[in-house]
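Following this line, the structures themselves.
Common to both upcoming complexes is chain A, partnered first by chain B, then by chain C.
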Partner chain A sequence: MLSGYRARKLKSYFMTSLMALTSLLGVLPLFSVFYTALLEGGKTLVEAGLNFFTDLPPTPLSTKLGGIVPALVGSVVSSSFAVVVAGPIAFFIAFLVTEFPNSLLSKVSEVLVRSFSGIPSIIISMFVYSVVVMSMGTQSLLAGSLSLSIVALPYAYVYFASALRSVPESLREAALSLGMSKFRVLRHVYMGVSRRYLVTGVLMSYIRVFGDTAPLLFTMGFLMNSVFAGILRPSNALPLLIFVYALSPYEVFHRVAWGAVLVLIIFYLILFTLARGLLRGVRL
Partner chain B sequence: MSAYVVEVSNLRVKIRGAEILRGINLRIRRNTVFVIMGPSGSGKSTFLRTLNRLVDLIDDVEVEGSVRVLGQDIFRFDPYELRRRVVLVSQEPNPFPHMTIYDNVALPAKLNKTVKNSQELNELVKWALEKVMLWDEVKNRLREYPHALSGGQRQRLCLARALAAKPDILLLDEPTANIDPSNTLKIEESLRELKEELTIVMVTHIPHQAIRVADYVALLYGGSIVEEGPAREVFMNPEHEITNSFLRGAV
Partner chain C sequence: MNRKKLFASSSDKIVFYSILPLVVGVLSLFILIGFSIFSQAWVSFERFGTNLLVLSVWKPSEDPEAELYGLATPLIGSLYSSLLAIAVAVPVSISLTYLVGEVLPSSIGDLLRVLIEIMGGLPTVVYGLWGSLVLAPFLRDSVMTPLHRYLGFIQIFSCYPLTGYSVLTAGVVLATASTPYVTSLLIEGYQMIPAKYREGAYSLGATKYEVFKVLLGLLKPYVVAASLLGFSRALGETTIVTLTIGNSMRLPLCLFEPTMTIPSLIASQFESARLYTYAMPTLFAGGFLILLVSLGVSYLGIKKLYKWREEIRA
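Presenting the complex of A and B:
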């Protein structure tokens, strides 16, 4: 019979191995996606070279790969626009909810902004289509950006509210004890102490909308023949290009889609690493 | 100019329905160290936070009675102006962690625009740090962040920050509760010097500390003032049995 100590040791090894195995099974699909994207997208990037980032997309029967510049520009502009619009609103609501938690306005604002996170983004796309696209008579970069703004709002709010709530109550009291107004407490204490969390919130919201397809389906259009047609004209975006090209019957489009997938993943990884690096925060 | 900077009459404070202060009557003389003693839960901190209206920040608080600070009803003061003139230092050292030692002390003067130029600001920072006996320890580390300081040094930094606001009254909520004896003595020595320039109202639950620094004392018990008067008289001849018990450490 095994001694009690050896039995516990064996049980511990067994459970540790079981956990390692299930963790591996969990991340395997993710590695599989990365591997395929690297393999397929890598081929496209090697063949197209830097032109992939500067050329217009190919035509269906083209022998050249071309590039993804309209989608790249559209994604960067629409995501930036979305964060610029949603960021300040989300920050204002986060401040309201943190500093005046019992006011009716902050309670209503919080419920509204949180409820946005539960709405499927395709419905947001349809809403913006019926309000903005129908009245303008065309899909546009503006409509796509507004759609992304609505998607970004609850994400940015959650990050900003967590950032402001991470500031210890004792610092707030210290600031108020010195005669600072609530606005000054926000400016000099909250924003100072949680600045890294706030920047992380901006980056994470940017990452979130940069890869979203559904909000753009009915709103953005699909620009292929020029880099940028203006904010009130149709544009393009990386996830939209991947979605459309992956469903097309042309081999050249599939190859471009794989290249775009790899670009999207690399962009993600860079921003995500940056955001995680920033999360170290202020030493209290 | 009145000899009293704080005049409290029949002050009652209720927080979420519970009566914390029950009819306080008290007057505090200018340029003295007034120590409010009392066991935990007697309402000392609530009393201090009433003087500069920090109690306003608590939900569901009711304040009755009259509180005159610097000759004016506190509810006629703009609360921010009141807190600039009546600054509170808490029990827990709470320097702003994202600011350097220098910036922590300089912040009130910068915000209130009480200095004309950087030279005046440097002098003010040096003055405040000297007053709390911290200058020699940090004069070569002014660009470091407060986490590099010990707990006692951080508390003295908070005291320096409060002094740099140039208040008329300094409220101290058990400022030495969480620090070592050597830092405690430095703070107490600072307080004895500082009373030449401002009025200090301090709360403590340690009778010996009151003996060392107080000009006047009051014993707060169960939300009421049990006894008050010049420190020497109260310590030598306590009139009330509760005071006697408190000074002997039995309460």
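Presenting the complex of A and C:
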């Protein structure tokens, strides 16, 4: 009996160690990614200096590293555009679904918005290409931004829906029992109580679209020779630049890609920490 | 709930109906996406028919009559690399769930969860660059070459790894990027299991591992659902695969061979496809197929997920 228990205990230890090892293998890539990005990207940033944020990208055979400014500008503009367009739509649909959970419309909306996250983002890129780019005759910052807006929609929805659900039922009922309409409850109770959650949702959606490459492949263009050409002209984006440079055979492009990856990771970590910090402050 | 209860006041009704056009707009957008991809693809479906599914050839030509395309390789490559990714990611995710759920003290467990969250939100292009410049050469020198040397008589290890870009590399990087997603789903489900099961198992004197085995039994449909969702994501993933799979139009009988997926075919051929009559429609045809499979699989996954949640709460 005792020996049977011992054998089981031993087996438990063995399996626990095995799974701990498997888990370690699972998170190891993250450290490898951070390590190489810091090492390779660091070299690039040190050599290029602050000009990395203000110069145009290098030519394939150039000895100087240049910078990534067109991609930075394009990324910031298109991601902001996407969050501004998709955010309110996602918010009102999330409001509809949480406040009128029994209506058919809510059920349809829930399934619909969730289905959007099942669309591969390269398909969205092809869609925007065939609808916007082909009719405008050129790839553009606008097309890229629209593409990102569609990608942002389901993400923003998930964050906003969970933000609205985070409001305690007691507060909702108290407000409704005072005879407030749902719209006033939204304005005075939801906006107040779940404010931080909402901001977190906006930040997280922003991070998502800021790092997405595939939606921009056929829509954004690849601007190299000027910082900004206008909203109806081709632009560039940080992930797009990394992707194209990683595919190229040139050494100098790989080095710029590493620098850009480091910038992207740092930016991502800052926004991520900000978003989490906001949530930590919430005590209900 | 009867219908009269839906609106408490007329102002609620106004709110409800002012959101209606928004939903209609989003619904039309969804239909428009499917329709426009299909209508662009139609020419190719009409011209090549079932050959599109069985042939494996990419032959553009100035003369439209001589053009010939078949998507068998990218279709199989898509399934192959995504299955590989899930086969790697699911055991890792289950292990992580065990550690967070049963083994680690909550402070370290929370730290691990933050780490997983960071990993999950990291842009895929970061994994792509890392996969192509760091992992591919590493796998070639330290994994593929030895496996080929000593186990080369097995079919899947039979080819000599040349560049490191291969279906194996793509599968591993895809697995890395899918693991956080699958893990957070699993942990979420694991914590929904009512405490009575865990308490019951421990009170019977079960070891940690045995408790986990019991709970994992309950979680099984949820694991399947999470795998389906992870698979659907991996299927549509473009950036990582294009950078690591080598993009070559050949059937991957061996794990170390480069091949391609539908998204990587689209990403790598889109620019030149504009020059030919049937190339672009064929890319859209591939896109339409992947859209259908992806939506179908993720629908199944979400349905299974919700069903399990309802059952475990009951």
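Going forward, the second predicted complex is superposed on the first by the 259 of 284 C-alpha atoms of A that agree within 3 Å, B and C clash if a C-alpha of one lies under 4 Å from a C-alpha of the other, contacts with A are read in each partner's own complex, and residues count from 1 in each chain.
FYI, a residue touches a chain if its C-beta (ideal position, glycine included) is under 8 Å from a C-beta of that chain, and two chains touch if they have at least 3 such contacts.
For clarity, every value in this text was computed on a predicted model and none was experimentally measured.
*Asks:* Between chain C and chain B, which one touches more residues of chain A when both complexes sit on the common chain A?
*Replies:* Between chain B and chain C, C touches the greater number of residues in chain A.
*Asks:* Quick check on the superposed pair: does A:M136 touch chain B, chain C, both, or neither? Answer first, second, both or neither.
*Replies:* neither
*Asks:* According to the stated criteria, A:G192 is in contact with first (chain B), second (chain C), both, or neither; which is it?
*Replies:* Once the two structures are laid over each other on A, A:G192 reaches chain B alone.
*Asks:* Between chain B (first) and chain C (second), which does A:V33 come into contact with in this model arrangement: first, second, both, or neither?
*Replies:* second
*Asks:* Look at A:F127 in the shared chain and tell me whether it touches chain B only, chain C only, both, or neither; answer first, second, both or neither.
*Replies:* The answer is second: A:F127 touches chain C but not chain B.
*Asks:* Contacts for A:I150 in the overlay, against chain B (first) and chain C (second): which applies, first, second, both or neither?
*Replies:* The answer is second: A:I150 touches chain C but not chain B.
*Asks:* Does the superposition put A:N102 against chain B (first), chain C (second), both, or neither?
*Replies:* Both partners, chain B and chain C.
*Asks:* Taking the superposition on A as described, I'd like to know which of chain B and chain C A:A214 touches: first, second, both or neither.
*Replies:* second
*Asks:* Contact-wise, after the overlay, does A:L176 reach chain B, chain C, both or neither (first, second, both, neither)?
*Replies:* After superposition on chain A, A:L176 lies in contact with both partners, chain B and chain C.
*Asks:* Once the two structures are fitted together, what part of chain A is touched by chain B and by chain C alike?
*Replies:* 102, 176, 181
*Asks:* In the complex, go through chain A and note every residue touching chain C.
*Replies:* So the residues of chain A in touch with chain C come to 5, 8-9, 11-12, 15-16, 18-20, 22-23, 25-27, 29-30, 32-33, 36-37, 89, 92-93, 95-96, 100, 102-103, 105, 108-109, 112-124, 126-127, 130-131, 150, 153, 176, 181-183, 204, 207-208, 210-214, 217-218, 239, 242-243, 246-247, 254, 257-258, 261, 264-265, 268-269, 272, 276.
*Asks:* Show which residues of chain C lie in contact with chain A when the two form their complex.
*Replies:* Within the complex, chain C touches chain A at residues 1, 5-6, 8-9, 11-12, 14-16, 19-20, 22-23, 25-27, 29-30, 32-33, 36-37, 40, 91-96, 98-99, 103, 112, 114-119, 121-130, 132-135, 176, 179, 183, 205, 207-210, 232, 235-239, 242-243, 263, 266-267, 270, 283-284, 287, 290-291, 294-295, 297-299, 302.
*Asks:* Which residues of chain A touch chain B in their complex?
*Replies:* For this pair, the touching residues of chain A are 102, 168, 170-171, 173-181, 184, 188-189, 192-193, 195, 282-284.
*Asks:* Can you check the complex and tell me which residues of chain B touch chain A?
*Replies:* Against chain A, the touching part of chain B is residues 52, 54, 57, 59, 80-85, 87-90, 92, 94-99, 107-108, 111-112, 145, 147, 158, 161-162, 165.
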